[in-house]
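First, the structure itself, so that you have it in front of you.
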Amino acid sequence: MGFFLETLIGGLMSGMLYSLVALGFVLIFKASGVFNFAQGAMVLFAALAMARFAEWLPALTGLDNKVLANVLAFAGAMVVMVLLAWVIERLVLGKLVNQEAVTLLMATLGITYFLDGFGQTLFGNDIYKIDIGMPKDPMFLFENIFQGGILVSKEDLYAAAIAAALVTALSVFFQYTTTGRALRAVADDHQAAQSIGIPLSRVWVIVWSVAGFVALVAGMIWGSKLGVQFSLSVLALKALPVVILGGLTSVPGAIIGGLILGMGEKLSEVFIGPMVGGGIEIWFGYVVVLLVLLVRPQGLFGEKIIDRV
Amino acid sequence: MSERNIGEVILDVRNISLSFGGVNALTDISFNVREHEVRAIIGPNGAGKSSMLNCINGVYTPQQGSITFRGRTFSHMNSRQVAEMGVARTFQNLALFKGMNVIDNIMSGRNLKMKCNLFQQALRLGAAQREEEAHRAFVEQIIDFLEIQAYRKTPVGRLPYGLQKRVDLGRALAMEPQVLLLDEPMAGMNVEEKQDMCRFVLDVNDEFGTTIVLIEHDMGVVMDISDRVVVLDYGKKIGDGSPDEVRGNPEVIAAYLGTTH
Amino acid sequence: MKVKSLFMAAAVTAAGLASLITSPAAFAQAKEQFYPLLVYRTGPYAPNGTPWANGKQDYIKMINARDGGINGVKLTYEECETGYATDKGVECYERLKGKNGGATVFDPQSTGITFALTDKAPIDKIPLITLGYGLSAAQDGMIFKWNFPLMGSYWTGADILVQHIAKTAGGYDKLKGKKIALVYHDSPFGKEPIPELQERSKMHSFDLQLIPVAAPGVDQKAAWLQVRQSRPDYVMLWGWGVMNSTALKEAQATGYPREKMYGVWWAGAEPDVKDVGMGAKGYNALALNTAGTHPKVMQDILKYVHGKDAGTGPKDEVGSVLYTRGVIIQMLSIEATRRAQERFGKGKVMTGEQVRWGFENLALDQKKLDSLGFAGVMRPLSTSCADHMGSTWARIETWDGAKWNVQPTWYEADEQIIKPMVKAAAEKYAAEKKWTRRTAADCQS
Amino acid sequence: MLYRENGQFKTSYRADQQIFPILQDRIAIALVLVLAFVVVPFVASEYLMRAILIPFLILSLAAIGLNILVGYCGQISLGTGAFMAVGAYAAYNFQVRIDGMPLIASLLLGGVCATVVGVVFGIPSLRIKGLYLAVATLAAQFFVDWAFLRISWLTNDSSSGSVSAAGLQVLGLQIQSPASKYLFCLVFVTVFALLAKNLVRGAIGREWMAMRDMDVAAAVIGIRPVYAKLTAFAVSSFIVGVAGALWGFVHLSTWEPAAFNLNRSFDLLFMVIIGGLGSIMGSFFGAAFIVVLPIVLDNMPYWFGIPIDTALAAHLTSMIFGALIVFFLVVEPHGLARLWSIGKEKLRLWPFPH
């Protein structure tokens, strides 16, 4: 029982991070109808930027305040991501307006290749550190109730907390700010949005910047946990089933989907895995999604599609 | 208009009700269609005309009611079955296969009649080749009939609206239907185009004796070419009868003049 | 615009093809021995692949600078980036094998690529050297004429780990009922040791728990939850690249004692522990070679290569574990060439076939190693027609939070266990491939 | 003036229905075939054949398969690698488990197994559409990868999970030399390309395209979605499976599941998009682009004698590659095939502008 809870909590915490990345997908999809495969590459790119800035700044300016260095590095990385968003809008999206979804998907795959190469050319391809002082050692809860207690990784706990905070912040931003409303308007109907004078291109830049921000935070968290290196981009694949499960267009969907899958993954791996030789979490999420879609083709929270003729 | 021998009831719609999540598109609609006649369904936008056809085609499944076709009664139709029984259809907002050229679009209407299996088609020897040619020949007749010879190989996407409507009709005709459902075949056409289209519809009706169910906004056209008219409004039937009867029906006039009920 | 870009594309492609037809024309340069270098400096395994690649290259540069090549034969090289991908590796192999008078030897740096090249090598008559990786069965030189898994395979490695664990536990009888978990990279590389460990677990009746980690191994939470659940007495770590550091971090996060973790020699380098730091204190791994810049060979590299700032990588990387391994691999290739020259003519350019003989007749005793400047870096080895491994010795190293400390005791893999396994596996492979055993006569060739 | 069809009057529908109605095209294709079958095997360097032509041919085949599914039937799939893997491993099992199994037979049977798996994973397409389906197909990718790593029976209990194909031969002829391997693949590709072309220009092809363009209308004219979609999945994964078997047997000859990983699937999708959705010819263009481009790019430095750092070269390659993909999508979302036909149009009018 204690162990079950432990797994459950562990799952929920990694699920929170999936939600974070998934949110990036959803934001972009809602606002520009693009299924952004480059999200993973953006995570890596942002993390690399931050890690390197955190190294370079003290080296160049000789400031030795770690916190400050990190903050500046974060800011710097954010600037980079905004620039990136702007470039992408200028050179790619702006030129591919109202193409089929699959063409846009391909374009983002192209962006992925580009970013992988570009990021490593700029920032190098070794393992780099992001040290934001995350605690590395575990803590134990309820030791009096369960023998051995429930192990909770402090690091994951903090990470989950940050992610949760960010997710809430973004939801609020979407609900209550003018920009947020503008974004939602665009999401619902591009033409209409334009006709009431919302500049599409600016909205897109904003959305991609927000996605960039999300990527940066995810990159920072994962980076400090795993070290910043190429494989970070792979983690974003974990967020794909989340997006689809929640429904491409649904922010709450992304969050709940993330939690469900994070949980399901770990539980399945730990409790079912050993029976079939293990390593099943890699596909478990996708199969679950497949089954869910058979019942609800638009995902748990996506809008229903009705054919009209 | 030449005197045609209007026959038995071929299609009988009984008490059809259809709703999407609470919104009633059709409420308790009943009407019938006789062989060889031209039957019009009219009504303001959102009256549920297209939904009615979609029920007959098995695109939508009505919650209540039945549809009887040539003596066989169905609570809901299966598109494939309907097609096999000889019901063809054109669409209000052009549902052509944009990626294909005119010939292929019309050829696709022949698919039901093509019998070669996958492997024969892959090898495309003997039977398969002959089949393709035979049906191509038939399609060419339709192309001549609709006077679109010049556009054979053009991707339909590039054709002007009026011609696309013809191709749509052509695809339906390729099925050699007994009943032809036309969803606003003249919508958005100029006078000449409308006249052409009217001619085609009537020719089809005369030459092949095809029964025609027609949705149309243009009252003039409807009154000219149809034998009987059903009037729908807000998913309810408010009138049924000969053009003249319908023309006199106060409810219909109200509906069209848009007075509130 | 569109048409232009079409022609542009056509032009690029055409130009490419044209030059590709002509590029590998094999006109032999005068007196140059060509060493193609398959490397990966990008992708998930770059941090580990890079020092390895640099070691190989620097050693060639050093030999050229110090000795002017092998008996006057200059050494040339060309790198090709495989990104650890099999098909890319095959393309690189095809590209380089014919160049500059023909390839001397290939070191694929990847188990997957090794598998793919194992069939091609005999046809092209180029030896494959897979130091400490590749096909364990390839030790049997009577069947694998062209493969040289020098200094150890995953089977010998696994065997040595068990021996060491038994020793620390206080004898094989103590292993009875103990639980050993193998956390492995879910790929041929990671699965290779399993049969050997199963063999051992039968012998000493300890139970073996298999915990796969999907490549590249960045998400191991579930794996370590399982470890925490079953609380094994020891954990063997069979990882490569990011998987290792991640594993150590997860171990820390789940509070599994690092002292009880034992890594393969591919999980015992600086990149694996560097950014875990103290978190990995006490973690052990197999050591094929020492690290450090004190050996003469490293001094020479610093002097002749970095001294003339011709170094391939950063200076402080010289002497790191994987760098050293790269140097060793290159040294063995060059010594094999030298050996071949002794038979087929000093100062001549050797063909791959001749160098193969050299590999098969390596005799590097301690004296020789010392003279080469490898004193204390590695164990002497001598290969033969039947044994393409030359040495199955290894030591254990331990991370003290700042550097690797190699423990003094050498272990040798137990022939009684390995030999029959190798034989069986080699036979099976030969049967599938319809290969035949080499004859004694063939050994003379 | 060369490219003119004036005076070429079709006197029968058969003449009008042939694959290349225009004389010049027929001549051109004939020349290409002669070149491919007769000239190339003699002139091409071993490297060109082993490292470029053979992969190009096999991947073209796979791309044709995928194009039938994505380009003609409009069902996006990201799981192509999985179906290649099924083809390869199935063929391998037929080869090792049944004595004297002829090579071609096991390759085709590999395709058949891929068909079965393809249909199974195709069933969701009856309910799931577009991107949702695309991601759902990833389930196939990851599950199959896992299965071949985990279920040792499938790999004939090889301890490492990697398998290898024995010395290939067809009717006593050794398929060992680059030339013979190249020709072997070429024959497969030519035959399958022809069969595929016949399908897509026949009744079933029209059903697929109908489903792609307007599924409701298709249903109304009596096309059964189930049949159309599942046949597309079946045919597609059969071809892809055979391609996978060739990739394993002929190109790699020893392989592990990683040889058919997600990147393979993406590359194939690139090929059909860049090449042109709904175009058999485009599949070849796409394959050429994706196979040759990276090689050309990372050879560049050596041709121009500027030896740049390997890592940098690799990064630049992936940057340029990515950039070009975007560039092509921007210039011509309908792919190289469309550019090709536009080029031909221009050529027809040349030298007179329209």
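In order of appearance the chains are A, B, C and D, and numbering begins at 1 in each one.
The rule we apply is simple: a contact is a pair of C-beta atoms (placed from the backbone, for glycine too) under 8 Å apart; a residue touches a chain by one contact, two chains touch by 3 or more.
Every value quoted in this text rests on a predicted model; they were computed, and no experiment measured them.
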| item | value |
| --- | --- |
| Distance-to-centre winner among chains (Cα means, whole assembly as reference) | D |
| Distance-maximising chain from subunit B - centres being C-alpha averages | C |
| Between A-D and B-D, the pair with more C-beta contacts | A-D |
| Whole-Å gap separating subunit B and subunit D, where each centre is the average of the chain's CA atoms | 41 |
| Cα-centroid distance, subunit A relative to subunit D, in whole angstrom | 33 |
| Subunit A and subunit C: spacing of chain centres that average the CA atoms, whole Å | 36 |
| Chain centre separation (subunit A, subunit B; CA means) in Å | 49 |
| Residues within subunit A bordering two or more other chains | 120, 125, 277-279, 282, 307, 309 |
| Multi-partner residues of subunit C (each touching 2 or more other chains) | 41-42, 46, 50, 186, 212 |
| Residues of subunit B touching at least two other chains | 59, 91, 95 |
| In the complex with subunit A, residue positions of subunit C that touch it | 41-44, 46-47, 50, 186, 210-214, 216-219, 221-223, 225-226, 228-229, 241-242, 245-246, 249, 252-255, 271, 274-275, 279 |
| Residues of subunit D defined as touching subunit B within the complex | 12-14, 16-17, 195-196, 198-199, 202-204, 206-207, 209-210, 212-214, 216-224, 231, 235, 278 |
| Residue ranges of subunit A touching subunit D (in the complex, touch as defined) | 35, 91-92, 95-96, 99-103, 105-107, 109-118, 120-121, 125, 237, 240-241, 243-244, 248, 276-280, 282-283, 286-287, 289-290, 293-294, 297-299, 305, 307, 309 |
| For the subunit D and subunit C complex, residues of the former touching the latter | 43-48, 50-52, 55, 96, 149-150, 156, 159-162, 164, 166-167, 176, 251-256, 258-259, 263, 288-289, 292-293, 295-296, 298-299, 302-303, 309-311, 313-315, 318, 327-328, 331-332, 336, 339-340, 342-343, 346 |
| For the subunit B and subunit D complex, residues of the former touching the latter | 57-59, 79-80, 82-84, 88-89, 91, 95-100, 104, 107-112, 114, 116, 118, 121-124, 128-129, 131-133, 136-137, 140, 171-172, 175 |
